[in-house]
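Two complexes are shown next, each including chain A; its partner changes from chain B in the first to chain C in the second.
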Partner chain A sequence: MASAGWSSTVASSRLGVYVHLLSAQVRSQAQYGTSFAIDVVGSIAFGLLDVVTVVVLFRVSPTLAGFTFPEVFLMTALASSAFAIADLLVGNVERLRFYVRTGLLDAVLVRPLGALLQLAAMDVAPRRVGRVAFGIAMVALAAVQARLALGPAGLALLAIAPVAGAVIFAAVFVASASVAFWWVESGEMANAVTYGGHDFAAYPVSIYGALMRRAFAYGLGFAFVSYYPALALLGRADPLGAPAALGYCSPLFAVAAAALAGLVWRTGVRHYRSTGS
Partner chain B sequence: MIADASHPRSRSLIAPYLAFVVAGFRRYATYRQAMVAAIFTNSVFGFLRCAVLLAVAGAGTGVVAGYDEARLATFVWAGQGLIGVVLLWAPPELADRIRTGEVVADLLRPIDLVWQHLAADLGRAALAVLTRFVGPLVVGALAFHLYAPRRVWTYPVFACSMALAVIVCFGCRYLVNAAAFWLLDARGPQIAWTLCSGVLGGLYFPVWFLPRAAALLLTIATPFPSIIQLPLDILVERGGWVEQAAALTVQAAWVVTILAVCRWVQRRGERRLVVHGG
Partner chain C sequence: MTVIEAAGLRKEFVVRTRSGWLRRRTRMVGAVNGIDLRVERGETLGYIGPNGAGKSTTLKMMTGVLFPSAGRLRVCGFEPVPQRIQLARRIGVVFGQRSQLWWDLPLGDSFALLRHVYGVPAGDHAERLARCRRLLDLDAFLDAPVRQLSLGQRMRGELTAALLHSPEVLFLDEPTIGLDVLSKQAVRTFLTSLGATGDTTLVLTTHDLADIERLCRRLVVVDHGRIVHDGSLEDLHARYRSRRRVVVELDEPLPAPLALPGVSVESVQADGRRITYALDGDAATAGELVTRLGAIAALRDISVLEPDIEDVVARLYTDRPGAPSA
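What follows is the complex of A and B.
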């Protein structure tokens, strides 16, 4: 009894510490009001960019691999909102290579808290809330534009798809940043799968060649971010022949991806050698 | 006698800048792993962007806004190389030096800050042509059918156009950084630059996908298409020699304009500079 009570106190006080770290970070960034406002506007503008690109492409082309504008727009909106949520929560984990190179990670590891959650709390970027809000608004707009006739299962999928997509992106952010544990000078290579994954998921999988499909859609699972959920929502068969129910499996895939990324992260932390300088 | 006297003087004026060109080349030659990582990343984005643009062309007759499929593929892959040459997204080194006050050490030297940075950037770009430009182009040529320019003069004209693009892009980045003289935190201009340079410059889609009047206005009234769009149009021979000459003229005009603005901003900025103690 006593030990159970003790551990629950520790757990709640730990949560308290994370909340404390998080709110300190938010308050410190809110101190510089103008900078913060500019950053929020910039963050929304990056979301807007996704939409503008799709609109411009459909200005010169009636369809994209057989998909109409409302259909592709739904995929773009799902990808954009999922990416924005992941970017808000763990996007700055890409700074890991900087922490490894300078040895700053030592300070994180000696504290009695999880290293990944600490990094997420320390580097959280509340300005990115702008892009999240914009992304979610775009999903709603896309659902209306595509005239989706959804039952309860469909509505649940529409609500869960951006979250599941965010978990997949977050897993890719963490796993690709972990490369820095082995290769500090990996530079912007992780961008190819994080930002690249976002670009990939904005369009139907069927426009890509075999190589990109294997690597991004199935290997890294970006088809589960937007393509399969959108097909399920639209009630369209996959031109590539995947079963229609796959869209409803994206939360399952997201859980598996998160577990895998956690494994990579823990292996990386164990492999970590300080700079010694 | 006069010639003898003026000769060492003119050499001493040029020599430091030549040294900066060489230093810029050698500095980036040491970042070999970063170079490989950049070529890999730009190539991945090449595959993604190429697929999107070819899907756009594939939905119609195969020709869109004056580009056939081979030209579109070349537009994408040469573009992925070109962003490494002009260095579209560079870390804000100068802005950081202004914010911390370290820029004072640069201003104490008897050489001009704009020309110094331009010289170093030209050296960096020369190396990038051999590495970051060639890398994605080879990958693209292996995976896609690319368009080889038919007219012999296109090659030297493209080389000139690329050089002008490097200078225009340098000027834009310099102005974004120099905003720190006034703002200290140049993140706003930085964000605006990142957004505009890609979408208005032709990186995500050729500007000719926009209504013709808007595209023309962008090309003439903003420097962005001079960095990516116009060199690529010259390379894939969109239009004849008249269009190529017009593109080169617009770029040259932007080089003169942007360098003049850089010099003016620099002079004003130096007077604004407050070095924070602490």
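What follows is the complex of A and C.
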């Protein structure tokens, strides 16, 4: 009891610091007078693009690898909302390579806060809230459209799948950004995995070739973001033969992915080389 | 109480150079090659050395930024990188080139944010801030965004930011670099008074030897990642036989050259009416020289020049480690 109380105090004070850092960031950005409203609209447009792509696809073909429009739309909605949440929270860790290259990470490392927490707060883009809201609306719409008849377990999965997916994306964001600790000129490689992963997760895994499937669906685990949860919600069997309960395992997979990403990050921090003087 | 303890501290970097079309050669370059150092609480230590000597690398290992390749290191009892967060609460860091301040916000906002970052009670924070405002004259630019501050103003802000959580050790990496004379003066005066309290240990790297003369009792000179001198400024002069100079102005040239052990003539000007003597270590004193001169000639003016630390250090850098015999 005592230790639980203590750790929750620590957590809440950390959260407090994070909120202070976030508000500082928001005030900094307000200095430049760009219209927050326009930025939010722009961010929603990204979500809209996901919808348009699926709609256009289904104007060409009535089904996609045996899946109907509402079924694929559910996958797209889950992928889109998960990505939007991850992008809002840690999307900017890809800026790590800039901080490593310039040595600015030094200033981050001498403060008594986790480096990842600080980086996440330093470059947060509040406009991305728009895409998160849009993504959540998409999930609700998709659930209605697919006429999901859900029990308590199903409803819980529907609520938790975007969060678990967000954790998986966040893990990929962090792990791929960590590459900059070893290889400063990693360029856009991290973006290829993260944005590529989002596009991959928007469609049923079964449409991809074996190589892509192995790398993205199973290797990086993007199948757990949308495909497996959607199958479980729809009550459909996986044409590729995976067990039906796998959809309910995505939170577990997310926790494992986050732990692995944390390990990669911490190892990376030890490899940090800084720059001269 | 020992606040910094380093034994056999090393840091090597992997350097890859292109040696062929696709081939790359990898070699290890030692930036810090075995440093042993103990710093006690309240000491003021100047860390100097030529560019690339390993000063900043050492400081970064001590502050938890870089993980040592080998050796033992404890700062405030912590192992810097693995216990980085605990250590960060106990130390203050001013890296001249890496700001701790929020670039686009008023300076005062940065101080308020740092209070939350370090979890400092509001009363303590207000008290320390008030002290810094008075001593560093911050009031005139407390409301200006950091990006609009002059370098001197910003450095005063950085110093305040590093001290608001009352650190046991303050690390300063080239705190006076690029500052104008007045700002340098302000920073040095402030650090002198901070060092004088004996509560805060100061470790600073610098290229400006006036910083050392003003601030540091103890001087550590590094070259090629090794310590080549560790002691007071006087020790350094003694070791390198730094020579004080006495310049005398006479009414008439000397009737005969003066012979005194440990004294040599460095130059004769103005038809023999201005003579510069060099005094060798403790063999002769300026008083003795002046007395002897006064007996044989009429003295108009006398000045004593202290040894120039720049000269000593320049000599130190050109010597290879272990070369000096004194």
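Basically, the second predicted complex is superposed on the first by the 256 of 277 C-alpha atoms of A that agree within 3 Å, B and C clash if a C-alpha of one lies under 4 Å from a C-alpha of the other, contacts with A are read in each partner's own complex, and residues count from 1 in each chain.
The rule we apply is simple: a contact is a pair of C-beta atoms (placed from the backbone, for glycine too) under 8 Å apart; a residue touches a chain by one contact, two chains touch by 3 or more.
This one's a predicted model, so the numbers in the text were calculated from it and none came from an experiment.
A.B. asks: Let's test your reading of the overlay: on chain A, do chain B and chain C clash or fit side by side?
C.D. replies: Aligned through their shared chain, the two binders fit side by side on chain A.
A.B. asks: Quick one: classify A:Tyr227 as touching chain B (first), chain C (second), both or neither.
C.D. replies: neither
A.B. asks: Return first, second, both or neither, reflecting whether A:Phe181 touches chain B, chain C, both chains, or no partner chain.
C.D. replies: A:Phe181: touches no partner chain.
A.B. asks: Draw lines from the C-alpha centre of chain A to the C-alpha centres of chain B and chain C: what angle do they form, to the nearest 10°?
C.D. replies: 90
A.B. asks: Does chain B (first) or chain C (second) touch A:His20, or do both, or does neither?
C.D. replies: Second partner only, chain C.
A.B. asks: If you stack the two complexes on chain A, which partner ends up touching A:Arg270: first (chain B), second (chain C), both, or neither?
C.D. replies: After superposing on A, A:Arg270 lies in contact with chain C but is clear of chain B.
A.B. asks: Give one of first, second, both or neither to describe whether A:Ser28 is in contact with chain B, with chain C, with both, or with none.
C.D. replies: Only chain C is touched by A:Ser28; chain B is not.
A.B. asks: Per the contact definition in the header, classify A:Thr63: touching chain B only (first), chain C only (second), both, or neither.
C.D. replies: first
A.B. asks: Going by the contact rule set out at the top, does A:Arg111 touch chain B (first), chain C (second), both, or neither?
C.D. replies: Second partner only.
A.B. asks: Nearest approach of chain B to chain C by C-alpha atoms in the superposition, in Å, rounded to an integer.
C.D. replies: 8 Å.
A.B. asks: Where on chain A do chain B and chain C both make contact?
C.D. replies: 32
A.B. asks: Quick one: in the complex, what on chain A touches chain C?
C.D. replies: Going through chain A, the ones touching chain C are 13, 16-17, 20-21, 24, 27-29, 31-32, 103-107, 109-114, 269-274, 276-277.
A.B. asks: Write out the stretch or stretches of chain B touching chain A in their complex.
C.D. replies: 33-34, 37-38, 40-41, 44-45, 47-49, 51-52, 54-60, 64-65, 143, 185, 187-188, 191-192, 195, 198-199, 204-205, 209-210
A.B. asks: Going by the contact rule at the top, pick out the chain A residues touching chain B in the complex.
C.D. replies: 32, 35, 38-39, 42, 45-46, 49, 52-53, 56-57, 59-65, 183, 185-189, 191-193, 196, 199-200, 203, 207-209, 211-212
A.B. asks: In their shared complex, at which residues does chain C touch chain A?
C.D. replies: Result: residues 13, 51-52, 56-57, 60, 63-67, 81, 84-86, 88-89, 91, 93, 95, 97-100, 102-105, 109, 113, 116-119, 145, 173-174 of chain C touch chain A.
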